[in-house]
Structures are given as C-alpha cells and as structure tokens.
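Chain naming follows the written order as A, B, C, D, E and F, and within any one chain the residues start at number 1.
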C-alpha cells in the first residue's frame, strides 16, 4: 500500500506543473512543425524532443546528473556550435561568391536586420514587463543573422536564459523564409527589376577556393579576433573540403560528425526550453523581434542590391539581395523562384548563392562585433 | 643493473596477483565466446578486452588517469546506455506490434523473470556469504529483461559493483537464448499448440508508426517518469527513423554513433570486471539468478500466450510468448524455428516480433518501477 | 568614439606580439606543406590550423574556456592517441610479418634511432642554451619511432611543452621519408645486395591473424605492462578487424572514429605550438635530432638486414631493413622503389611490410621502456 | 531478512502490476490510435509506403540531387 | 533607458560599419587574390583540377565513386 | 651532466636490449603459434592466399570490404 502511494506520488500526473505541461505542448508543436511542415526538421525535431524530455517531472533529465545536463556542456563551452560550423564550412561552396565578389556587399547589408532588432529589443523595454539588457538585445538581434550555429553560439555567451527561445525562433524563421521574404521582395522591386538577367559567371580556380578561407581567416585575425572561433572553424571546414587532400576528414566533418553533434545540440537546446525561462512575456518579444529581424534584413539586402544595380556596369537583379540574410540555401532558392515568376528564362540560383554564403560571413562578423563590444 | 632490477620490478610477471590473472582468463574466455561461439560479439568482444586491459598490473588503465577510467564516466553518467538505446530505437520496427497490439501483454508477462529473480536474490541471502541488498537484487533481476542497455543503465544506478557481472550475464544469456528457451518452450506446449497458424497481419500506416513513439513517451511521462530517460531516448530514435524527415540523423544514430558508443561502453563495462568485484561468491549468484530469470521469463511468456489463446477470437501460437523476454531478434527467431519444426508452413517470425519489441518496452517499464521504488 | 577605440583595442593588429605572428607563419607553412607538398596532410593540416587558431590574440581559443583548451584534454588524458592507435591497428595487416617473422628483428634494430637521438639530446646540453632533461630527451628520441600516435602519447606524458615541436617533427619526417632514406640505403648497400630477390611468402591463415594480437598483448602484459595502453588499443583494433565478427565496429574504428579524433588531435597538437613553447633554441634541437633519429634508425635497420642476410638460409634484401622505422606504408614503398631501380623484376613491397609493421610494435615497446624507466 | 523478502514480494506485486497496467493501457492507446488514424488519416496500404516517403524526403532528395549536380558541374568545369 | 537606447544606436552604427568595412575589404582582397592567382598560378579551366586531384586523392576518389555506386544500388533496390 | 649522459647510455643499452628481447620472443611465439595452428587448425590455403598476396591494393580491398559490409548491414536492416 505504502508502495502504491509512493508510486502514485512518483507519477508524472501527480507532479505535473502547468508550466511543464505547457512546455511539453510547445515541444510537441515543434515536432509537428518539423515532421509535418518540414520546418528545419534536422534541428527542430531534436529541439522539440529535448523540450519534452527536459520538462518531464521527477525524471530530472535536464538536471544535474541527467543526460541533457551533461550534453548541455557542449553548448555552454561553445563546442557544439563550432563543430557544426566546421561541418557547414565543409559543405559550403564559395565559388559563386568568388566569381562575383561584390555580392559580398549584399551579405553585409542584410545584417542590418540584426542591429535593427537589437534596437527594437531595447525599445521594447518601454513596455512594462520587458527588461532586456544590452546582452539580451544583442542575442535576440542575432536571430536576424538567419544562421543557427551563430545564433546559438552568441546566445550561449550573452544570454543563456534566452537560448531556447532564440534557437527556436532562428530555425523557425529560417523554415519560414519562403513565406516571409516574397512579399517584401515584391513590394520593394518593380517587375522590370525582377526580370533583370545576370551575366554568366566566370569559372573559379581551385587555387582561389583554397586561398579564400585562409584569407578570410587572416582578415578576421587582424581586424576582429572575437569572431575568430566562429570564422576559424568555418574556414577550417571549408579549407578541408577545398584543398582536396584530406577528403576523409572533410567527409566526416560534413556527415557523421555534424550529425552526431546536431542530435546532441538539438537536445541540449531543447533542455533550455524550461517553463521558467520560456513562459515569460519576453519570449513573445523574442519571437516578434526575430520576425522583424528577418524582414528588415531581407529589405536591406534588396534595397542595397537596387543601389548596386544603379551604379554597377553589369546588371544586378535586386532579388538576389534578399539572399544576403543567409538561411542557406533556402533564401537563394526563394530569390530564384521569384525571379522565374517574372522571367521564366532567368535562373538566379547561382547568382543568389553569392550573397547567400556572404550572409554567413556577415553574420559571423556581426557576432564578433557584438561579442567584442558588449561586456 | 639498477635499471634492470627496476625493469624487472615493473614487469607484469613480478606484479601479477592471482585475482588479476584469473580475471584476465575470464577476459580471454569472453573473447573466445565472442569470436568462436559468436556470443553477442559486438558487446562481449569489447567487454572481454576491457576486462583484460583493466586487470593488467602496473599499467593502471582502469585507474584514475587511465583510458578506461575516463570512458567509464559515460556509463556512470548514464550517457552510453541511453545513446545505445536511441540507436536501438532507430533500428526497431514497431509495425508487427502495432498490427497486433495484444502481443504487448506477452511482453508484459515475460517480465515476471525480472521480479522472480529479484526475489531469488533476496532468498539467497539465507545462504551464508550472500548479502544482497534490495538494490543489488533489483539490479540482478533486470538481467531477466534480456536487454543490454537497460540492464547496464539500472545496474550503474543501483549496484555499480555488480555491473560487470550483470552485463556479462545479460549478454551471455542473450547469446544463449537458442539453448535456454527451446526446452522450456517444448515442455510447456503441446504439439497441437505449436502447430497453430496465426492470421496474416494487417498493414500498419506510416502515421501510426510516427504517432506510436510519441504516445509511448506520453504514457511514460504521465505514469512512470522514472522510466522516461530510457523510454525517451528509445522513442527519440524510433521517431527519427519513422518520421522519414531526418534520415541522416537516424542513419548516424543506428550506425556510426552506436558503433562508437558500443566500443566505449564495452571497454568500460569490462573495466568493472576487477578481481575484487568479480571474484566473489555473489558473482555465482548473479550468474545463476540471471539464467533463472531468462527461464522464468520465457515460461511466463509462453503460459500467458496459452491463456490468451484460450480467450482470444484469433488463434495465438503460444511459442511467440517466449519472444516476450526481448533479446531482439534472437528470441523471435527461436520461436520461428521451433514453430517450423512442428509445422513447416508456419512462419511465426513476424508474429513473434510483436512480443519481442514489446519486451523491450516491458523491461524499460520494469526498470522504471525499480528505479522509482528502491531508494 | 569610445566604441571605436575599444574596437581598435580589440583588433588583432593592436594586440599582436611578434611571437604570435611568427607562430602563425609556422602554421601557414604547415598548411602549405600539407596541401601543396602533400606532407601527411591528414595530420599536418589540422595541426597547422590549430597553430594559427591558438596564436590569435584576444580570441583565447587555446585558453581556458576556448575550444582548443577543451579538446586538448583528449591529449592530456591520452585518449586521442590511443583511439587513433586502435584505428591504426584495425587498418594494419600483420599477414606479411606473420609469414616471415624474422623480419621483426629488423623492426627492433630500427628503434636504435630512438635511443641514439635520446643520447644526442643529452649531449646537446653541452651547448649553452640547451637544457634537456632525461624526460625531454626521451620524448625527442621517440620521434625516431616514426609513429605519430606513439610520439604524441609519450610526449604528452614526459614533455608536454615539447609536444608541438615533437609532433610536427614526427609527421614532417614521416612525409620526408622518400627523401631521407634513399641516400642512406644506397650508401650502405651494394648493387648486388639491392638486386637480391626474396622468396615468395607463405599464406597466413585467419586463425593466426586472430591469435597474433592476443599473443602480442599477452607478451606485453607479462614483460612490459607500461606499454600496455598503446599496444593494448592497437591489438584491440587489430583483433576487431581480424576476427571478422565485429565488422561494423572495426569499420567505424578505422573510418569515422579515427577521422573525428584526427581532427580533434590535430587541432589540439597545434594548440601546443605557442610562441613561448616553440620559439626556443630547444626547438631547433628537436628538429635536428628528429632528422638524425630517422637517419640512424634507417641505417640500423639496413645494417641489421645485411647481417641477417649473411646468416639466413633464405636471402634477405637489405633494403627492407629501412622499412623497420615504421612510417607505414611510406617506408615500405621506398624500399620497393629503390629495389625496383636495381632490379625491375624485384617487388619488395610485401616483404618490406613485415619490418614496417614490426616497427610499429618496436617503437611502442621502446615507448613502454621509456615510460617505465624514466620517472 | 524476512522484512527484506517482504519488500521483495511487495515489489514483485507492485512491479508486475505496473508493467501489466502500463502495457495494457498501451494496447488500448494503440487500438484507439489505429482507429483514429484509419478514420481521419487513411492511407492506401500499397501507396502508403511509396507516397509519403517521396513527399517526406523530398527536400533531402532534392538537396542530394542538387549537390551531386553541382559536384558534376564543378568537376566538368575544372 | 535612454542611455541603453543610446548604446544600442552606437552599437548599430559601429556594428554595421564594421560589417561593411570587413566585407568590403574582403571584396578587395578577393579581387586582388583572383588577379594574382590568374597571373601567377593560371589554371586551364578544364585540365587544372583533373591532374592534381587524380594524383592526390586517387584512392579517395575511387572510394567515393564506389560508395556512391553502392548507395545508388542500395536505393534502387529498396 | 656526465651523470645524465651515463643514464642515457644505460637507458640505451637496457632499452635496445628490451626491444630486441621482446621482438625476439615474439618471433619465437609466432613460429610456435604458426606450427600449432597449422597442426591443429589447418585451413585450406585457397582462401588464405588471396588476402595477403593482394595487399598491394590494400585500399581497393578495404573499399570493397567497407562497401560489402555496408551493403550487408543495409540488407540485414531492411
């Protein structure tokens, strides 16, 4: 009898708090979005599952001694996002960007979304209930970088409490890029602009692809060493792939290693979706500001592309500016699709890949600035 | 000369203790069973090798600062068994069980072996030399779950000193299922019963396979959160495989990740095969009780199947009850083989897979009960 | 304005020290050698990159809390070199050595390079500026083992400060084997000796290949337990491959696992290439002695092969003695190539593989002696 | 000693009880789920495998196709 | 509050400035690099890659080709 | 200093001694093992010959082994 009572006292039903139940629903919602809506499933499925696991009463999976507690160390120490960034680097082809380097400027412009939403977060403090510090605001702004590992890395350094909400927002909006971007892109461009065909790109030599990551690293070292962990690991992965002499390391970095780390990272991020941290009015702010960041970044990229088109000797289709937010390769595909609607013979995909990968560099640079200036 | 003497004093020959030598023999025996007798070689080979390495005098491979000391942390923290369980989940097809859910009851019945041998361990205390605590008894009983990661997980929490013996017993008896089960199955069934043909199963939709792991997790959360780490990771692996949208994570979980963790887990389990811990009369008790647990579990499964066959509207071949102990997929194959002996047109394999995978859930539930009630 | 100044103060340009700049050049040089000259790129690329990352001012990637700081734990604890050795063991075929066991003696002779350069390091102390301890000298000598993981393992135990220089020297000279060895081989042999054709080898059974790693381990345990971690993990990998029943573990050990660990090990070794540790006159000593160690090892192997040829009933081509330094499989290929120059019908490759893999055992044994005798 | 055996017996009764209750509830849950799925999300048993797999991994497939196309293009270009 | 906003505005100006300066310098660096490479290490677009790749990664290439063949085979079978 | 050199010389003598003794014992052990295996566990040379002789293309073999392992693994799984 004693046992039965003690067993009843150890059930989830007896111990549930409303917050835990709600966060589990959030977890199931993320699983639904991942599986049924195909929202960045590689990340949102483990994140959603981690949210469920960490909110189970009694089990203590995210508390000291639990699995997610140990895995979270990989985020706290910055190991997981950096290893993922290495794998992403190994998967990235800088060819289109090297063929048309001025598209880098589009990748710079789109980072405006980061700083605009940073400012937005600070402005939200005017509303009672919001009390974002500068660190919080910077971590929220980085959602606008549209780059998962960068967002997680920055949030884990500046605002670990917001990490769950920030990661969820970042990956959700990346999945929503095909919905968020097109109206903005259409509103800011004329039909004539969308019809612009771009010049065939030159071929990029293997040497250039090998030298580029080293050059990128060198510039980072000289100017912005606080971005060196992110850009360094990205450049390492890219170099491993480009140089062709360590093929087996490159393959492992972009397959098994990134897969293992993705499972662990997703679960650990999910473990930050606790009721105390997530069920705050601040979370609504994070979600709203994240969407704004994506929208502003898209607009900034398109407008910059329009300006460049005016002054450039070769035509630039403004649609490819939207790809500057990164969200590789989704944003480039969106640019291609909108371009095809106006001109069925206009394939913008490769042209949009330039600003797209430049956006990854751009947001890593922005992350370095934030990490360096905000103490 | 000094060097030569100091060298002689540093040889294994000079430093060997009888216990270490004996444990090394145990290690070599395990290697022999793994390689020549094909006894669960994926686990018993690393376990045997770990036993040898950890009993080398002077080298201190399992002592602080040694490789196995560090690897063992993965067991102490529960990380390795849970990651293996995730991989096993990704490899498990619940289709046959979902097509015929009442076979779950067989997976429940076969867990009787766990509790019977728990009781047996306590009864053994009547014999001088045995002093099993309730925790020890529970850890021994879980051998009857016929599921390696579950046994290791429970033993690492309740009785780390017995971990080596328990893991060895669990994997050895799983390998011996084709010898242990058939006589019991034949003794408890009539020729007519063994000839029973079962109805062709219905097809199970993909949606059911996706919903099931979530439903299983939900029930665990509500009723038995102490089983949530085990069942949660199992459900995660299963969901990753069933949902089809994270194929690369699922493949990594059931290949490279489980392989890496298996090597580490095996070596670390082997490091618990030290002379002090293993060369106890208790170990004989563990080995004997483990065998009893398998036998009783098998019998309970068969008897329950006979009872169900009496009351069921569709015929149930009692042989498939034996598969309820889990030992996937060996026990299901044994049921199939014994069935074919009596009726060469009777393919029970798929029907036995239902109770077989149900047994995995059953022993994880039993583990949850033990972990929850024994403090 | 304040921000701009603070940003300038946080640039690499402002914070660079001469030492850091120099070490970065060393890192870039290693990348150049790896990518353009194909010098052991699997190791020298990550090592070079690690050298660059760890010398970035401000970023602190190799300091407490940085990525390379955490990764370095895997070397400090001996985990990475041992896991790599397991993978190397899984890739090693002892067949040629088992077919012709007396070639093991060649693998023994070539270890003379280790002890000669150990002595050389102590002699260098006569020159002001050099102050090598016995531990330092032993760690330097092990470069002559021509075996990366063994050198890193020993250096991490005896002389962590020299680890960077030792690892770089070991891998560089392994890459330079086709340049270092031929002149020595030609100088010590006559044209007639180089023309010697060797007898076709006998076939080696699978049983022998399974028993050998266990026998090797047993001998190590009895005589030299201090070599047991290295030889144990090597034997484990070899056994996993030879036994054929744990194919999936063996494949993972020699592919994904070794690749992951190679990336981590390389980066961590690179993190030991700091200005303070590397920019010492001692480093020049390490580099010089390493080259001498390779040369003496080669000579000792060739001379021993000449002696054996005189007393053996079957002819032995002295060139295969050079393969005894290990540097698998480069040294065996060099022996084959030089042999072909003198006799275009003389294929020495398989005959040279015997001393080649024996050299791996030989240097692990030498490592055990050093670790055991030097306190 | 007897007390310990008593705890063991109690543990056995409670434990087997929980295991049966849990798995029995799972049986009910599975049956309910199956009928709900068959009513609201019916899948033609044959097509069931073919259709969802292709839709589900569409992006992965597309990605792989795109990547391999890119690789081929890259190789032919260089 | 206003002070915080002030910091934010400053951060935005400095931050976007750095991002633009950094990427603009990268543009210059890439262009310089491209012209240097094309002058001193010209590669005939077709052959350039074929030769070094085949010598350096011969085995890796073969491995990848074999694996991708196996994967295709596997897919077509399943 | 001289003392250190002395230790070094001693280390060299002992070290090379151990290395030779160890590998010489291994030679004896291998020969004993080989004759025991050939007497008590003889294997038809047909299968054995193929493996060591072709080690020249070790990588190709390894590749094939890896692929066939992968294929087997796939098959056993599916």
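Simple rule for what comes next: contacts are C-beta pairs under 8 Å (C-beta built on N, C-alpha and C of every residue); 3 or more make two chains touch, one makes a residue touch a chain.
These numbers come from a predicted model, not from an experiment.
Comparing the contact residues of chain A and chain B by number shows a mostly separate set, under half of all numbers used being common to the two copies.
The chain pair with more C-beta contacts between its two chains, of B-F and A-E, is A-E. For the pair chain B and chain D, the distance between mean C-alpha positions equals 21 Å. Note: centroid distance chain D to chain E, computed from Cα atoms, is 39 Å.
Centres computed as Cα averages put chain A at a distance of 29 Å from chain D.
Computed centre separation for the pair chain C/chain D is 47 angstrom, with centres defined by C-alpha atoms. Shared interface positions of chain D, i.e. residues touching 2 or more other chains, are given as 11, 14, 18, 56, 77-78.
Each of the following residues of chain A touches two or more other chains: 3, 7, 38, 203, 205-206, 223-224, 245, 248, 251, 256, 369, 373.
Here chain B touches chain F in the complex through residues 3-4, 7, 91, 254-255, going by the rule given at the top. Chain F contributes residues 1, 4-5, 7-9, 11-12, 14-16, 18-27, 29-31, 33-34, 37-38, 41-43, 45, 47-49, 51-53, 55-56, 58, 62, 66, 69-70, 72-73 to its touches with chain C in the complex. By the touch criterion stated above, chain D contacts chain A in their complex at residues 10-11, 14, 18, 56, 59, 70, 74, 77-78. Put simply, chain B touches chain A in their complex at residues 77-79, 82, 86, 210, 214, 217, 220-226, 228-229, 232-233, 236, 239-240, 243, 245-246, 248-249, 251-253, 256-257, 369, 372-373.
Chain A meets chain D in the complex at residues 3-4, 7, 38, 93, 95, 203, 205-206.
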